[in-house]
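To start, the structure itself, in structure tokens.
When the chains are written out, they are named A, B, C and D in that same order, and each has its own residue count from 1.
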Amino acid sequence: MKYEEWSKISRIASKKSLWILHFCTGCGAIEMPPVMTSRFDMERFGMAPMATPRQADVLLITGYLTVKTLKRVIQVYEQMQDPKYVVAFGSCPINGGMYWDSYNTINQLDKYLPVDLYLAGCMPRPEGIINAMMELMEMIEKGEARGWEKYRKNYEKYKKNQEMAFKFGKVEE
Amino acid sequence: MSVIKPLKAWKHLLKRPHTIRYPYQEHVDMEGKRLPTEVLRGFHSNDLEKCIGCKMCGMICMNDAISYEEIPELEVEKGKKIRPIIDYGRCCYCGLCTEVCPTGSLKLTPNFKLIDVDREKFRFMPTQLNVKRDDYMVDENAILFSPEEYKEKVKGNK
Amino acid sequence: MKAKEIIGRGEEVHGRLYVKVEKQEVRELIKTLKENKFQHFVMLSCIDWIDDGEFELVYHLWSYEYREHVMISTRIKREGEEMESLHDLFPQIETYEREIKEMYGVNFIGNERLTPFFLEGWPHMPPMRKDFDSKKFIKDVFESIPPVEDEDEGI
Amino acid sequence: MKMKEYELFIGPQHPGITGNMMYHLWVDGDTVVKAECNVGYLHRGFEKLMESRTWMQNIPLVCRICVPDPDVNEMAYSMAVERLMGWREEVPERARYIRTVVLELSRIAAYLMGIGSYAGALGIYTLPQWALGDRDYIMDIFEQLTGARIYHIYIWPGGVRWDMPADLPKLIEKTMKYLEKRLKLYDDVFFKNRIFFDRAVDIGVIPKEKAIEWGVTGPNLRASGHEYDVRRLEPYAAYENIDFDVIHYPELGKFDVLSSGGDAYTRMLVRRLEIEQSISIIRQALKKMPSGEHLLKHPNWFKWEVPPGIAYERVESSKGEYGYMVVSDGGKKPVRVHVRGPSYTHGINVAETILKGANIADVSQILFSLDICPPDIER
């Protein structure tokens, strides 16, 4: 078999077994328990929480990110194995949300990490989360979720941006 | 204190699970009422003919989510041809903007679904076309005009 | 009010006893109140009165027996004045002092744990001060960071 | 070389707490020698944001401070504004009862979440599935009442945002009946389970004589043996007209008193029993609810000025005493709003003290039994 065919089969296989990293940031974490437990039960879609970043496929950014958390999120993201996907929940990672003028939260997540999918809401409802996950599966099957390749390619730029946020603008030249 | 009693949990093996098989099944509450109901605070709808462009919604918005775009074809009063554009990367769905709206044109609808790869898609002009009353899901063809697209659409109608 | 009988001063503001004192008297007052059943230390808050050039420190105490709330308020200068630490009276005062040091820059003599608390590597002025303009700050810091553009499409 | 002490970092990936927070432990063998907490992962600077927003614009903001139990924030802030405006006596009677119902529903939801995650920390994975699934029925009620699942923005200064729909009491009653049935099952599976007895008794003890001095409040204080509840001591909403028991050690009803109080076992039982009290409060409030107005007339929101003064208001949340100090100078915006989160003392000083001497395996359950909510520590 050719490489393309193999990769297609592997994509279909990986779409049906997504491990979600158990690292929820901010208020969106409150809508994850209903999705994970019996009422909405995401294991129907072959998704389950995973405690270690090495074995996880999906990183959920559930809400605002403070600079202190962003450091940990980036460490975690870099530990994850390729291919890896980032889904951003709610208003805050899109353009700041409620905390757009807070001194400690970043406004746009895609300046620091490549985001594969955005989901509107404050907080998104569990139905929205399930829909987003199904959309992500579709994207994986088609091979459209390529944030991790973008991160690898523009690594220097991302690093520079992250450094600027960590130092709150006081970067020594 | 008991060791045997916890095994009662096993009797649930024979019961129907209370899981909502969304999206194959609707989300219903205990009495079988379909959720979300009409009170859910989701995306806005705006009656552009009724709206007078008074900017009240932008003044009460604490998130700076509402900006304005001029639509010359829609002048209701003299000089008031601006209509709100809402940035759902800022909106918190509190509904204060609808409370201060003097004409009642701006409303919150139970639409809540918007999933996209592009960050820019989350900023659009609410119109009445956003609402599809029989089904609360967002109609993919009707919603989400950029201001430019909306202008085109209005021009075509006139 | 029972608290007024114990300490013999203060006025009632919105149902709470509000006592204005000098900063040297605070320790003695809180000690007296603690011995007289005002055993629950609610919180220590700081208010920035920038027009007067002063910080107001408010110590809140509550008595479960008398169901009364006492606010002991003292004012210190915004620049160059320090406060005595009271963490030996109630252990949680240590944490409140730590937060006020970080958010307002007030130094508490005797508290050895005034380390960074919420913020990590914060290089600017304490953020809760009124002269810290957070809108200008986010414009300078977060909004000046450029978005990452993919140079050539197709990987 | 013989190694004596080593350091262990728990978190910030939800270390036995619903939220991001870190504990830095120094461990000898498997006994904790010293614990230090590291917070700030969720610090958004609420108090700074509130100074730049008007009185009404703050309402959507405050509920975000405590995510599992958001309504107490709206309540305490509204009460403080009412106090400064002189509206304390004028709040419509109907609004008081609706507020009581909302606060108690929110309390049940928070307790179910707390109990579920505590059981998960003990390795009993049935209860998290059940409790969080049942919590969702309460979210359904909230959605029909307030228009949102988590952040309700429903309690406003001077009343509630809109009236309770006429058909809602029926749904609430049905849900309460269902919950009562489920609580019996919870007892069988968890609260009368041998594992719970073996693991939780005499773990993480807060001694009775120290509890008040340490600033412990809420269910944790009651588990230590003090019969103190803000709902009783300083009644707000409609609690003065409602009859309820303050659950405290050693009166644990049908459960055995096994320890000398203040341990993880008693803390969880107090929460379990308070769910029943909340159900009874909701029933009484729905029964006694009068008809009439639900909201006072607000001044123009853009020109709303609150008279100068300082007010402190406290409410009883599912975690403990929640307090808001609001300072106004007569302007359109508050000068200062300071939030007293109950977890501020539970999560930092108390946890650091009682973790000393604990076994590593018990750290997670001690933290869950304190029911710490990091967003209200760092705001």
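Everything below uses one rule, namely that a residue touches a chain if its C-beta (ideal position, glycine included) is under 8 Å from a C-beta of that chain, and two chains touch if they have at least 3 such contacts.
All of these numbers come straight from a predicted model, not from anything done at the bench.
Of the two chain pairs examined here, A-C and C-D, the one linked by more C-beta pairs in contact is C-D.
Centre-to-centre, using mean CA coordinates, subunit A is 37 Å away from subunit C. For the pair subunit A and subunit B, the distance between C-alpha centroids works out to 24 Å.
In whole angstrom, the spacing between the mean C-alpha positions of subunit A and subunit D is 29.
Counting partner chains per residue, subunit C shows two or more touched chains at residues 118-120, 127, 132, 134-135. Each of residues 38-40, 68, 98, 100-104, 108, 110, 122, 125 in subunit A touches at least two other chains. In subunit D, the residues that reach two or more other chains under the touch definition are 40, 43, 45, 48-49, 52, 60-61, 133, 151. Touching pairs of chains, sorted by label, consist of A-B, A-C, A-D, B-D, C-D. Residues 22-27, 29-31, 33-34, 36-40, 51, 64, 66, 68-69, 72, 98-99, 101-105, 122-123, 125 of subunit A are the ones that touch subunit D when the two sit in their complex.
Of all the residues in subunit C, the ones that touch subunit D in their complex are 13-16, 18, 39-43, 45, 47-49, 58, 60, 64, 67, 69, 71, 90-92, 94-95, 117-120, 127-128, 130, 132, 134-135. Interface residues of subunit D, counted against subunit B in their complex, comprise 53-54, 56-61, 126, 133, 137, 140-141, 143-148, 151, 153, 170-171, 174-175, 178, 185, 188-190, 192-194, 197, 256, 301-302. The touching residues of subunit D, when paired with subunit C in their complex, are 39-40, 43, 45, 47-49, 51-52, 83-84, 212-215, 217, 226, 228, 233-234, 309-312, 314, 321, 323, 325, 327, 335-336, 338, 340, 344-345, 348-349, 353, 378.
For subunit C in complex with subunit A, the residues that touch the partner chain are 118-124, 127, 132, 134-135, 137-138, 140-148, 150-151, 155.
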